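Here subunit A shows up in two complexes: once beside subunit B, once beside subunit C.
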Partner chain A sequence: MTVMIALAGNPNVGKSTIFNALTGSRQHVGNWPGKTVEKKEGRLRVGSEEILLVDLPGAYSLTAYSIEEIITRDFIINERPTAVVAVVDASNLERNLYLVAQVLELETPVILALNMTDVANSRGLKIDANRLSQRMGGIPVVEMVGNRSLGLDQLKQAIAQVTAHPPQALPHASYNGALGQEVATLAAQISANPALTAHYQPSWLATKLLENDEAILEAMEAQGETGLLEASAAAQERIEAATGEDAETLIADQRYTFIGSLVESVLERPSTSILTTSDKIDEIVTHRIWGLPIFLLMMWLVFQFTANVSAPFLDWVDVFINETIYGWGVSFMAALGLGDTWFAALITDGIIGGVGGVLVFVPVLLFLYFALAVLEDSGYMARAAFVMDRVMRWMGLHGKSFLPLIVGFGCTVPAVYATRTLENEKDRKLTGFLATFMSCGARLPVYVVFGAAFFGTASGNLIFGMYILGIGVALATGFALKHTVYRGQPPAPFVMELPPYRAPRPRDVWRQMWERVQGFLIKASTVILVVSVALWLLMAIPGRANAGSFNDVAAEDSLFAVVSGAIAPVFKPAGFGSWEASGSLVTGFMAKEVVVGTMNQIYMGEETAVAEPTEPTTFGQEVGRTLLGFGEAAVLTVQEVLNIAPRTVNLLPGVDIGEFNFFGTAEEVEDNTRLEAALINSFQRSAGSAELGALAAVAFNVFVLLYVPCMVAVAAMRQEFGGRWTLAQIGYTLVVAWLAAVVVFQVGKLFI
Partner chain B sequence: MNDELITLTPQTVPQAPAMPLSMVNRGEAVIVRQVNGCKTVRQRLIDLGLNPGAQIHVLKNETSGPMILAVKGDGRLALGRGMTHHILVTAVANENS
Partner chain C sequence: MTQSTLRQVLTVFETAVTPLSMPQIARQLDVSPEQLEAMIQHWVRKGKIRENTALTDCGSCGHGSSCPFVLDLPRSYELVTDSTLIPLNVVGLTCGHKSAPEQKDS
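Moving on, here comes the complex of A and B:
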């Protein structure tokens, strides 16, 4: 029989860190049935027992007001875990114990994990763990520093202890005075009802009834317990008559009073100011003048990181896939005697070319997710939301909407689901509508390729510019909506916790990075693969009479080209009225990464005239080249990290510090990959000249930034916001994208 | 939880004049008297530690933008201005800030 243990606690107390430390890779992430909140389960061995550990969502209490709280308490009531490990932030003891007190009311064995004791110590707070244990009815208290793996063994021991010797007498919650009497009376009535006692602990149920807990009231009505409901109502009246307060307030009061006196007896505060280092940092970071520039600087650093620091590995993967693997593919096909067949072409140009062209961007996404994970785990994101609150209000939103929008920089799909944390329906819809303008990770490969092709080392600026433009359009859209569709509606109340600053745990950051990239890789192996094959097919089928035969047709005569060519004139005013460009954009509806994949297939196909004169290399040589390249890429990555400093300083006008250059390679390496050369060519053709070609490229990027989200995101929106809303989103993004691209090109033309 | 519990009645709460939290200056310490507003909001605030009797230190209060509070000494909370109008507090007599 597997022992089941639940992890509960406030958000931001390091619960996930502890969960990860205990379960390592033996964990499974899914969803709570019927809900979109993440459910994490894992396994660990303690002694001879196999333990199933369930990570409950972070909650501040066990009321029925938020989905996290409902999940937490329903789980404890229905699944009856062997014990609940209540994770508590030692530097915020009083607030955290509010939840623990309510868990104790559920009469289930509790182990108190007193986490973040390092933060508490650094603030001079001293906690008497023994006294704490005593005053909470003797429950085990384990002091821990989760993100430094301290206290894990003691926690496992406590779990083993509780499993082997389940406590007979559980700490019993009781209230005093008139309230206490009514709870007892009601509990007695409940105890006499086997239908109820099978499920609920009597005094807990009595307390919830007196608190007018919505979920419980509904459940009781559904079960036809009218007598009980009447008794509860009468009790509430009596309590109010006797004390002058309503039962709900009184219950919260008594809980807090108990906790207050408890904390007073176990916690020693230093007699110095309550201002902590964290507060002092906050004073600067949330400063009304400096807060926003600091935030922009952080975002700039993130994008420098994503664009430039990832470049060495991007190049390495590019060579590995498009030369090494491609070469092996060709040789393999030849060895099978399939040398010049359409099948070989499908495998090499279609699949390796298409999918490979997209996999090249895994390094970029890894670095982006790394940066986001560090910002989140360190606690900075909450401050960013605070700083952005003022800006959010222009759009009729508030700071909390900022967090789903930040998620949108990774991928629009989870951003849409993240809007569920906003309680207000209008906030949810509006945030969701704007989420698509937070340039998602899948659009990034397009900027990277174009940036490298047309702007060289200044590509970071193009990319940064795109992101800023996306944010700008979101702001403008929000502002417009606030004064039209949503005119007169007040924004929802803004309440947000500012967790203490913490050094992110490297292992957690690494895990988050790969978890998010996984989504990308899965998309690559499914959607993108299918589209690549479909695209290859369309390009292999002749579209014009006498243009050739299957798999023996020039790209511009293929069926794909003909169809795209029909759409192309729409884009002429924006400077990229070519079938290649419009074709790529259409495929982008499936998944934005496919835009680059498509361009690869189109242009690589066109460029096969540029022969492969490479001398045949042995397998061993290729492996050697790959490994050497990996090492080089690693060194260059370090170089690029160091280069963030000079690049940032160089933003100041008139400053020009040199950058690091370990291998002494020439600055402007005219090593444009073949794709880049082909792009430069193609855009020059569609726009009219080389300079206009670069301008058209910018316009193209603007279009990619703003137009329709990918079909997965559209599906998510339809699920969350409804069909009409989604149609509005699609229409709006198409129109705005086209207008913006045209404006960029036409207005830019005046200056060139 | 059956230690000496004090039942909190209105008489034990200090009778000093109450003002909205939004009017408290940075660096001052106050005690919550009453939380107004709709049920969801009140519940959320109480869950986060802003119950009657709780002590708050104001860390940031500028003419616009959310306030930052130290709740019961330890937790840090950012609260929208609109909400701070609905929380009534009284000053604490003499506190080491």
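Moving on, here comes the complex of A and C:
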């Protein structure tokens, strides 16, 4: 005779692993009748018995909330297996024992397979299996590590024991107080009905009726058990009158109470756990008053780190691309006999100048994403979301709105899509509106190059300021819109899991860093490349009569300059009314990184035209210089890490580390890269003086921060929120950006 | 009458005015964090509380699998207040995503 054993448990507790280990290749996979849920059966031999093992679907309970739960309990009721092996995750007993408690209510023999005991042990959890067995009415408890096949023999022995000597007295759950009395009364009524007792265990059925289990109620109605249904309804009313609680909640609560006291008596938790230390840290980090300043300080440190520590490698990559690679490009074209042709200019000035000008900022992004990955992996970013939720609520905004906005710090596009987690349409549109003000990673190269040019070692403050300004404008806009256009219900708070802090894992940090930079590199080889080629073309075409010929025209006379120059006067009140600045902003609609790429093409092209001939070098000399530069950059990077706050360490004598000045001053022009020097000259010219040049640079950065996002983000908004909304958003960002830039420049002028 | 612990969990959600953490609630109700999680899952299954899932895919930058820009935040829960939840079917511009229904301007 074949003995049938069912395998039950929550999802992801290793049930299938145990099933496979027990049955090996003697399995059959199909579907449960009339369902799309997979059914697995297998065979194993235990002693002289042939066992049919049925793997039930993962289920959290035996209430009819899901098809898996219905299948599991119907199988146990209808097929009456000899025993049920309940597999539980030993590291999460409370959650897993809820199902076991319900299986016991069916008064079916149960064997408890305590799986993943290795995970429990690694967390310092100790389970007294013997006491657990006693507290659960003497059912066998087998400790296992299923994925290492540990405990399988003991499980087979337990199966053999239950098969050979079925338990006479089966443990079953009992309820207390008014609930217990009503369950007993209903069970007695059911016991007097053979048609019901042939199929159901009386106290189990009574419990299900009081729980208003839909499937059971339907079954009773179909069987014409009107009297029983009326008795159940009356019992529920009496329970609610006596306890103030509905029967269903009371039943679940008593189960959880039983499980809680059971686990407390059998489980030993580590005496000093990381959680306790985490709680102490959280008391400070999520403090009602100090939480926000701490978050702002962390962000400031991130941008200080990003700007300063990446600077040596940024300089090295700049020289490598704009001098070494550029020079090789020129030489290669000359060697092919294409030296003075438009094609050579396209390759060197267009592609190397445009795309290369953006790739220079890979070190910046690497270090930014490294810092953010460390904060994320350590668990701090969850606390940041928590802290910002309070700020959002104070503004009347939904706290969960901040989560998409955090995403916007990397890229606006997923931030727009992330608004789908908000249930309310108004909240979605409002949050989408604000997402564009969260400074995305693509704008960072602009801040970095201007910060380095005009503020030297304090460029981190410019970057920090831009991010904070973006958050501020987002909150202010949200506050205004929430009380006007998007007025709605006050938001409901949310509850967040705060996992323990942990040391960031190098592999995960590296993976996050690399995946984020990868997106940037992919964009560089696609959108930025196309824009660079198009820009080169527009700069190669004369825009004025008699201004030259194709590929032989001064930058300021090119078609690009003429068109950009037409809108340049708009920006004069903001201090950057030059065609170079306005043209860069227009190309920035394609991708924000292109702002810097465009500037590189414009200014480097101008500089190449007037460059003095340099001393020829050999390929070997270039390679040697490059490698030496790399080594110097590596040492200087370490130095910058040590100099995050006090600038005292100088690892390379002869290399000036620069004085630390919180508000920063422009460095000497000859200490800047060629692009930075060109920007300084250009902005000083357009603003009217050397002092006002820095102010105009800040105004320009403010405009870049706030104006319309890239075309991909605009397309995402169009798709999510509609065309009219998107046009309104574009108009709003342009107006806000212009006003902010003008205010910065005009008000700033009063103090200079 | 004293509320059951399970009901108290739901009441915490219904009466909260500021964001709460699960360790905070567990201490308040004098239950273990694991038991609290089990109870919250009970209300999630009953449809009273919603577990929030984060966006993982966008596809617009050519990154085929999960979006690297989405922060890996822990689970959060909130009270279900209405039935107008928009299903989280991610929509992208390029690889692997379905289109959203056309949104009307308001």
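General remarks:
Everything below uses one rule, namely that the second predicted complex is superposed on the first by the 443 of 752 C-alpha atoms of A that agree within 3 Å, B and C clash if a C-alpha of one lies under 4 Å from a C-alpha of the other, contacts with A are read in each partner's own complex, and residues count from 1 in each chain.
Definition applied: a contact is a pair of C-beta atoms (placed from the backbone, for glycine too) under 8 Å apart; a residue touches a chain by one contact, two chains touch by 3 or more.
All of these numbers come straight from a predicted model, not from anything done at the bench.
Greater residue coverage of subunit A by touch, when subunit B is weighed against subunit C, goes to C. Of the two partner chains, subunit C is the only one touched by A:420; subunit B is not. Legend: residue contacts after superposition of the two complexes on their common chain; A:84 is shown touching neither subunit B nor subunit C. In the superposed model, A:526 lies in contact with subunit C only, and not with subunit B. In the superposed model, A:101 lies in contact with subunit B only, and not with subunit C. When the two structures are aligned on the shared chain, A:715 is found in touch with subunit C, with no touch to subunit B. In the superposition on chain A, contact is made by A:386 with both subunit B and subunit C. Using the contact criterion defined above for the overlaid structures, shared-chain residue A:243 touches subunit B and also reaches subunit C. Once chain A of one complex is fitted onto chain A of the other, the partner contacts of A:376 are limited to subunit C, with no touch recorded for subunit B. By the document's definition of touching, of the two partners only subunit B reaches A:135; subunit C does not.
Overlap of the subunit B and subunit C interfaces on subunit A: residues 60-61, 63, 65, 92-95, 98, 243-245, 249-250, 252-254, 256-257, 260, 275, 278-279, 282, 286, 382, 386, 389-390, 399, 423, 493-499. On subunit B, the positions that touch subunit A within their shared complex are 1-10, 37, 40-41, 43-49, 51-54, 57, 59-60, 62, 64-66, 68, 70-80, 82-83, 96-97. Only residues 60-61, 63, 65-66, 92-95, 98, 243-245, 249-250, 252-254, 256-257, 259-260, 263-264, 275, 278-279, 282, 286, 376-377, 381-382, 385-386, 389-390, 393, 399-400, 403-404, 406-407, 410-411, 413-414, 417-418, 420-421, 423-426, 428-429, 441, 489, 492-499, 512, 515-516, 518-519, 522-523, 526, 712, 715-716, 719-725 of subunit A touch subunit C when the two sit together in their complex.
Those residues of subunit A that touch subunit B in the complex are listed here as 60-61, 63, 65, 91-95, 98, 101, 104, 125, 135, 137, 171-177, 179, 243-245, 249-250, 252-254, 256-258, 260-262, 269, 271, 273-275, 278-279, 282-283, 286, 288, 382, 386, 389-390, 398-399, 423, 490-491, 493-500. Those residues of subunit C that touch subunit A in the shared complex are 1, 3-7, 12-13, 16-23, 25, 31-35, 37-42, 45-46, 50, 52-55, 58, 60-63, 67-79, 81-82, 84-86, 88-93, 99-100, 102-106.
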